[in-house]
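For clarity, chains are labelled A, B, C, D, E, F, G and H in written order, and residue numbers in each chain start from 1.
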């Protein structure tokens, strides 16, 4: 049910339990450890292996060492090993954000959901200080089965969108900002206190977590 | 699109926008204000009007003054005015919690989802310090379209459940505990950092928010 | 330049320095101390003496003991001793808030500004989760020389209004909410991080401070 | 009403709504993104385009690539593209600070207000530990329509000035200091709790926000 | 060297070590425990026994039960058992505060220092928002060997006084205020970051600690 | 392996797994719930059932309703149902504290360990400001297999004892203190940063947790 | 009883007092200072001298300068000077962790305990999101006299293990994670609030402290 | 009374007011600014000019540019321009610290006091985990008129010393430590909550402030 690599016990049972295979969090692992884990997953014939928070340097190493394809999404800092290009994209998830500075987190969410098999539409730079930009794009929200609202600073976007749609909203606070933004804490607290119903929150900058849960929601029938 | 009562602008448009009518947060409103708002909603022929965080005293006042039925869920502290008993219950939501002390928050979540039309199963007191209690009830989780994991103290339940199911998990930290629980902050932070994918979080003690979003997820087709 | 009452040095010079006479903060003073201070100010022929954060009990005591009129604004918890009813109201300040629970803070701001001589319009319960309520009242904001945006929970109202108007916005976070609202901290941080330019912030629940500064702005010629 | 660049929706409507054109926050944008946004604004015949938090490197890139003039304010880290040198300076804003270390934030405020069209006087290094330096410069404060008080560490300057003037004071906490200054938190909290009326606060180091709001106040007639 | 009462080990050696006898902190002890401890100290022929944070109720109990005199300072909430009225008062300590609300803490400091044998002058309600009140009383500060600066809210008084005198300043933050005062945290941080040299700080509301240390300083020869 | 009471799943398997039967945390449970749980445990022939954080009122109810003996430890707020008086006391645990105000937490620790079967010695009021009281009692520490160091305020006792003994020290911060004690946070942080090796920490006021772990340590052979 | 090196007073008495010789914390000492201290300890014929938090660079310096052997544990960042290879390993300590990223802290704990003379078993990457990895290794926990549970993020591992074993559990929060992990604070708070009895906690990333205390527990007879 | 350099208003009046000339805080000033300020002070015939938090690089620049002597204290990071070597050293201040890592802060305190004219004795590495090192040096504390207690981590040294001496103790928390030390916050809170009377506290790492105040105390007659 898992392979023991010493530094890691790779969970081959996860796909069976949760419907999605093990995802590799790349941040605090060495390139060698990531290679070992990806190899272990691939040996079980898994495809479409997500590696998140991966630097360009570690990706280059993986690309050199692996004997199967791996692609890199630069802004999202995500690699997909042995990508399954034939996977059809289902449903509709909208990823919206307040400003240009939130793009990396947005893309982490979008690429995650797309890789898992969801159709994603992007609605970027629709922050609440220029409300007409959001109001002129309400049609993008139509038919969404889940909206991911990404925002730093005061994080108001999640509440505004939450009041406009009839589907679940997943709010992602970002660490964009300075001073009393406290590395995303301001946005996190704002989102947790959203006066709109139907909003839940993931960790600061956790685009992956939002994209993953949005896919679980989107694939429901 | 809304009625202006001076102290409140009752949003009659919400049901159209979001698919669920306006919910009244009873905590910091006077009984008279709540009566006015509930009356305004009812005049638009809405049924099944949720009033959350309602004390027994304010409920008694509402029951006396309203000329249509209103029922009270004691543990959940929720009243439902003009309840729609004919509403069929769809899908399956599981509300799980770590300990007996989390019951009020659980019931707020469960009653909210049930009133909105979801079928709910309860799985109480399955905290991670006695893991076999959860493991012996895995069948309750089968077929769930959304799980609400309610826990105070270290809030570990969300991660454990998140690793076992293939549907979205909404985590609700509770203010149960003392000392370094800091009124639910410990559980909140733990849940935001869940190592399980597919978990999102609502505010401390926000059973309503979890039940509401779970229903939005559960009703997806 | 000041009268020394032992427990207080009443600043009779303030009106000359700042254009507004001394205001009495009633919260942590005894009724006897407040009486002494108000009497000292009145002896200098000042009128329209503001006493903020005054309980009904202390007001009743003042009303009994003073030999000149004093009126009480219940929701605002403000008393005005020797009110100057002939003072003309100038300009236009709008006090807007997110929800019914913010009314006390709104009224503290509004009554402060009105007593100092500003014309005030109220725009209550226009929280961002039901955006059309605000958008349908944009005419109220027209011609405002200063807007006071009062909101608890996620405090998003300040940013939304800040993006819509061409005058300064003073944001007042309120302690409304629970859990991760942390007594108004969430709203405070959100407002400090507003992505809208032209927004500044006062202390949590400080309706007085907002009303006072709004008047200083409004009276500029 | 806006131009969609993909990574940004440039708000061309803002000048109409708020009386001031879109300002570009340069911190977390690439030089290429800033170039695109500035170009989009300029194509609408806007002049005097502010770019804040801009490094010298990114400025050099902009200067090379733009086909119209752009000037750089080194200490303020602000660039002004297509500067409108004919704009008359109106009214009077005083920018005061506690110490030499606050200069960058002061200049951000001063240059912002000047670029928007306000006349600014600077009163630097008048911290409260050497009170006579402030008291000997009270004439500088005369006739000010708004004072910006910039201070790190204990942030007492805002309260002292607030008690001396009859115009609004905008307080800017700075991240100057160490230890229990906690990156400007000490000054921020102090300023929010100012015992002087008429003081409001912007985010830590947010010279731009203070300068912008001061201009909105200063231009009132 | 100490007497063991089971619930307390009364330190009879302290006077020898530190020059001042044991002081009883009354807050979280029962009246019976305080009685036992005071009795134990008195049996060693100590006089002038300080009991701080003592409620009126517990004092009444002590007064009834003790067979030697005990006096109560109401505002300071301090009792002195077996007071030594013949003790000459030496030197000069000034206790200054920002506002009327700080009086209880001031008196705790003043009564402590007086009981230990210091001469104390009081300079109350000289907050920095009305600076002339302090500047007109600079003579009170003349000749002080130590100044205790007591202030809540933004706590700026310590810095202003610290820049005016040539003796040590002990700053006492008070829990006066609301919202972002966070129970005295704002004043505490401000005082710790005082830009004036020669200022040190004690715990929030710790008038006793300031009075005690001021006496240690004042009695130096 | 457990009994399901609806509001609780009583863990009858715990004694087998961990060597100690289920303990009932009384704080946030109703008297009826506690009665149900204690009854369920007793039906499995368990003796010596610990109920912690139990008010006198709830104890009186239990004593009335149970048909087997239950005893109450007033200071510790612990009840023991069906106490096993024949249980021999083994080893040696020392419970030390800094001051009289810490007694309730000390007794919670001591009674817990004693009930589980450990021999406990108490060493109270040996705070570090009167070091000789501790140094004159070093013999009490001799032969201890575990020391529980209970202290509020600055929590220094744990470090001092940790440097003197050769057995594990469990530190318990208490919520004793005021101001910057922040409800025990100061002591908690101090203890976590102890410069003495061999010290670990439990939650603020968690006497039970310390007593429980000390017994686990003490019973090792 | 100690040697005074000026910058350090080396405690030669510690082994007598606590049963373990002085350990050198290498983080904020210069290589020269560490060399001096290690030399001083060695001159007293101590062997097996632990130096923790030692960089590879400082180790290289020590290895060059010392005239007796010193070995380096890379992952643990620990050096052992004059290692005592003949020391028998007693008892059993299990070091378990949630994920690959926690390895450095685990090894610091494990190497510390091993150097002091304990037998250690490692159980890595058994985080609660893949519970079967822990459940399939329960035999590793059998016979443990102490378990060290190392985890970042939500820190749930300590509670789960605490509910499964009958020996003391020492929890070590790690600084692994991002955003609301707040450098290990989330895990620290979670562990302090563990609902499992028998768990105590050391500082964030303090593998040494856990290993040291575990050895004190393990060597008890 | 002051010289205006544009970027600074050099306070030439301070020596008259406070008995000590202006001190230059070097951290966030450029070498050029420091040179200008030092020159301005020297032109008023002041000697013995303290420049704190000065890097070696900035010192080298000053040494090159100044036409009078300047000396550098490496560990203290303090320069003294135009040092007054004939100044007699009076009284006695003891600077004590917990560990080798606190040396820089200790030296900042010691050099400050010495430069101002106080006699200083150093008592380093007497942390409470090896109490005998302090107890064997009690004679160093004899006759001290002020003790500066410097400690990081749990900051217990201040309380222990406070209980042993009869003079004022100034506690300096240091940022030494990791994890829950939170950059000195743990030590700061501990020291503010010292159970020993006679202890006051300065900012984290503020050796200068402690040395300065200690000198003010020490010079009292």
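The rule is short, and it goes like this: contacts are C-beta pairs under 8 Å (C-beta built on N, C-alpha and C of every residue); 3 or more make two chains touch, one makes a residue touch a chain.
This one's a predicted model, so the numbers in the text were calculated from it and none came from an experiment.
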Quick check on the contact network: minimum steps from chain B to chain D? 2
So which chain is the furthest away from chain H, centre to centre on CA atoms? B
If you take the mean of the Cα atoms for each chain, which one ends up farthest from chain F? D
If you line up contacts by residue number, which pair in A-C, D-H or E-H shares over half of them with A-B? Let me know. E-H
Can you give the rotation angle that fits chain E onto its twin chain H by Cα atoms, in degrees and rounded to the nearest 5? 180
Look at both sides of the chain A and chain C contact and report whether the same residue positions are involved, with over half shared, or different ones. same
When the C-alpha atoms of chain B and chain F are each averaged to a single point, how far apart are the two points in Å? 36
Per the C-alpha means, the centres of chain D and chain G lie apart by a whole-Å value of 50
Whole-angstrom distance, CA centroid of chain B to CA centroid of chain H, is 57
Sites on chain A at which at least two other chains make contact: 14, 99, 130, 163-164, 179-181, 185, 188, 192-193, 197, 203-204
Go ahead and list every pair of chains that touch. A-B, A-C, A-D, A-G, B-C, B-F, B-G, C-D, C-E, D-E, D-H, E-F, E-H, F-G, F-H, G-H
Mind pulling up the chain E residues that touch chain C in the complex? 99-101, 103, 124-126, 130, 132-133, 136, 176, 178-181
Chain A-facing residues of chain C, complex: 98-99, 127-131, 152-156, 158-160, 162-164, 177, 179-182, 185-187, 189-197
Spell out the part of chain F that touches chain G in their complex, as residue ranges. 14, 17-20, 23, 145, 163-168, 170, 188, 192-193, 197-204, 208-210, 212-213, 216-217, 220-221
Spell out the residues on chain F that touch chain B in their complex, using ranges where they run on. 1-2, 6-9, 11, 13-14, 25, 27-29, 33, 37, 173, 175, 183-185, 188, 203-206
